[in-house]
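Following this message is one structure expressed as structure tokens.
Each chain carries a letter (A, B and C) given by its place in the written order, and its residues are counted from 1.
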């Protein structure tokens, strides 16, 4: 027969200071871990949010990211012409565009300098992106003009990044004529006309080609995450578009879906954040477990006589074990809830860091997602479980005659 | 008045509790040392930078290359003693996870500009003679087990070889630097070989960074201004900074790391503070009667207050000490584990000071809370405290 | 002839303390009848509490046999012993009988939770037990809101709630003032007379022992003399028992 749960719940609130301190201690631990995970979630969701499976990214075969890749303008055009699988729209023609990926050193509001991503695009890019990208202030830049539009996430984070500001790119001043919103990575970029940007920065050609593919097109591309870490990476299967492009003699190219490409670009930072979160979980979790153990041992010491009464009445050791374990779990849960509450103010707070893979600034926000909350609560329950196991076992091992003697 | 024996006996009254609390503090202090060292390591490059060395790069950003002919123009600027160049190669060895820095450099001037880069004389000469040779850092040699004479294939991601194969370099020497801002995980090879190979494929490479040494006696800010002015009307403007500022630029790009780490540290601090106060209050609950007796015997309030604070300081101090020793003992292992992305991990004096301050601080606060309560208890109440 | 509720034969119990072995009960032979109120007296160290614990199944003898409520306790394993104890024994300790965070009613219900009774039935039994001890109006009070004597009476209510065959009381009036002690003792006497409960009460107070029908003396772990006693019956009660 089980010991009434009300016994444990009420006992927790008898020694208010001990319960409060333990809950706060666990809460601080959970809050920190949640914060780091929220950072990772904010970062990951920003990138995966934009990852479409129907958009293909074409790079030079040896390149690992668009920063490494380069085509000449002619070869870019030839590439586009050689791929019949590209979707064609009535108004805009083939939905393929060339893009340049550059960076410009700008001072962020926090001080110092940072490499802000700069993207030169053609008008077709807007056609491809029309569902995801919206102008929220001002207007699009006019092709052929020295004009820029700014991603909304940059507006307050970088100095002089507002409507009508002038940004100097090398020796050419460009005017900011609009602000746009994009949930994914573009929301943290500055966009301008491809040819004007190439000219200003002294580049001879775009970095990549993007295209919206016809529905049902199978690229056959190899997941870049598999390629990156292998000494002998696999090749795309024979007969696929990806294989054909790699072997092309005129304009060889490597192709990924946008989703695959974005995942590969963020894997190191994502991995680093997961690692940090895991490290904090283990280290701070250990200290939290010790705290919980101490609290429960102290509670047991004060209630040894009560355990004696229960045993004398006929309650068995196993229910007593679960009773104390339950109490520890509740402690953990309360700590977890406290931690989630403490982490909430971080939700939406803007953050930015440099992505080592692309060497450019990424602006994103903390996101306390259900995943974060789920991990936080599970973590806190685990803390309660591990912290309470030893005291619960001690409680179950008490002999009634010995326990009753303690006053 | 405060007996060491009494303090010790009180702590050993419940050995498991004391041990667990001490271990919590050990763990927390260890973590704080780690976090603090991450920050100090990142910024150490700035502190150790030679402030008579300047970095010249494109005003637009690091992605953009400067024309080679700029080097001659820079050398003409008054106050410039010598220059050398660096071009980021951006390749990898076999797979992308094997990431380390490679630079095309001027072997003739590299060592004069960077005396901290130490190489045995015959290896240096071999490197300067061999056009396709390379110089690797001691950490690289250790990680990949490369020796002098090995041929290393590097896949040029950013600069593909025009013959569509990997670039190959022969190891002529292995360098070692004791200075944190010149790390041991870099590979250097000949600029001329780099330029020739790329030109054969139809590309004209530029230079990412020119390194400049300011002549003794010249005014550094003046030289900086002159260098920037020299290219004000050229096709590419330049940005000139001291090496310290240049390094700081990299660090700030990571975002506000000190703030981020500070938040984590605060969380750790709160967690262990709660743990310690909890332990001390639990001890007080059990010691209550004893304190009543002590007061009845004539111990002053001040003495009992002091005893409780000392108790707390001993507990925390022990935990903190073990934590600091552990951090010191493991820094080598951690440094090796981080080695790839984070060279030069060494704990500095300021971190030890921080750890000690946190330990003492937590010990004091955790001791004062129950001590203050105990001091206000009168004899009779204290005796009743046990029940 | 009344059935023997408790039968001990050559009962022996030893304790190890600091390397030495103490013999607390030394080959004790004892018989106690059903429905009788016994007081167990003796100097400290004579083994009174140990004997009580053994009879209650809280501990096992080292040698000898002990049959309580028709069960040879030495033959019962851990779980069986617990079940037997829950069904047959009611305990009243000297102090700290009650769980502080539970109300009087919840405390009395605790042993009932080990029975197959439904929730409503448990509540009914617990309320009845509290009425019996005259504390029905305090059933929702926590122990700290009760006086020492009231706490003990709630403990008695808990002890009888499951209608056990034997009630074991260890110095039940030890911490109480004279008036409360008398209340508790009279209650025990009533339980014995009206409900025919077998009661074994350990005490060192001769005044408390006056309430019992037999006074058993223990000395150095062996049976001493046994006195028969005619306890006083409270005035009104004799009438009542005639009427029912």
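The definition used in the following text is that contacts are C-beta pairs under 8 Å (C-beta built on N, C-alpha and C of every residue); 3 or more make two chains touch, one makes a residue touch a chain.
This is a predicted model, so every value here is computed, not measured.
What chain sits nearest the middle when you go by CA atom centres?
Central chain: A.
Among the chains, which has its CA centre at the largest distance from chain B's?
Result for max centroid distance from chain B is chain C.
Any idea how many Å lie between the Cα centroids of chain A and chain B?
From the centre of chain A to the centre of chain B is 25 Å.
Based only on mean CA positions, could you tell me how far chain A sits from chain C in angstrom?
Computed value for the inter-centroid distance: 66 Å.
Find the geometric centre of each of chain B and chain C from their Cα atoms only, then give the gap between the two centres in Å, rounded to an integer.
71
Can you tell me which positions in chain A touch chain B when the two form their complex?
These residues of chain A touch chain B: 17-18, 21-22, 24-26, 28-29, 31-32, 35-36, 60, 62-64, 67-68, 102-105, 110-115, 169-171, 201-202, 227-231, 233, 280, 283-284, 286-288, 290-291, 293-295, 297-298, 301-302, 351-354, 356, 359, 361.
Residue numbers of chain A touching chain C in their complex, please.
1, 4, 6-7, 10-11, 14, 305-306, 309-316, 399-401, 404, 407
Could you pull out which chain B residues touch chain A in their complex?
Touch residues, chain B against chain A: 14, 16-17, 20-21, 23-25, 27-28, 30-31, 58-64, 90, 94-97, 155-158, 160, 235-237, 239, 248-249, 251-256, 263-264, 267-268, 270-272, 274-275, 277-279, 281-282, 285, 341.
Under the touch definition given earlier, write down the residues of chain C that touch chain A in their complex.
For chain C paired with chain A, touching residues are 53, 56, 58-59, 78-79, 82-83, 85-87, 91, 93, 95-102, 106, 110-111, 113-114, 158.
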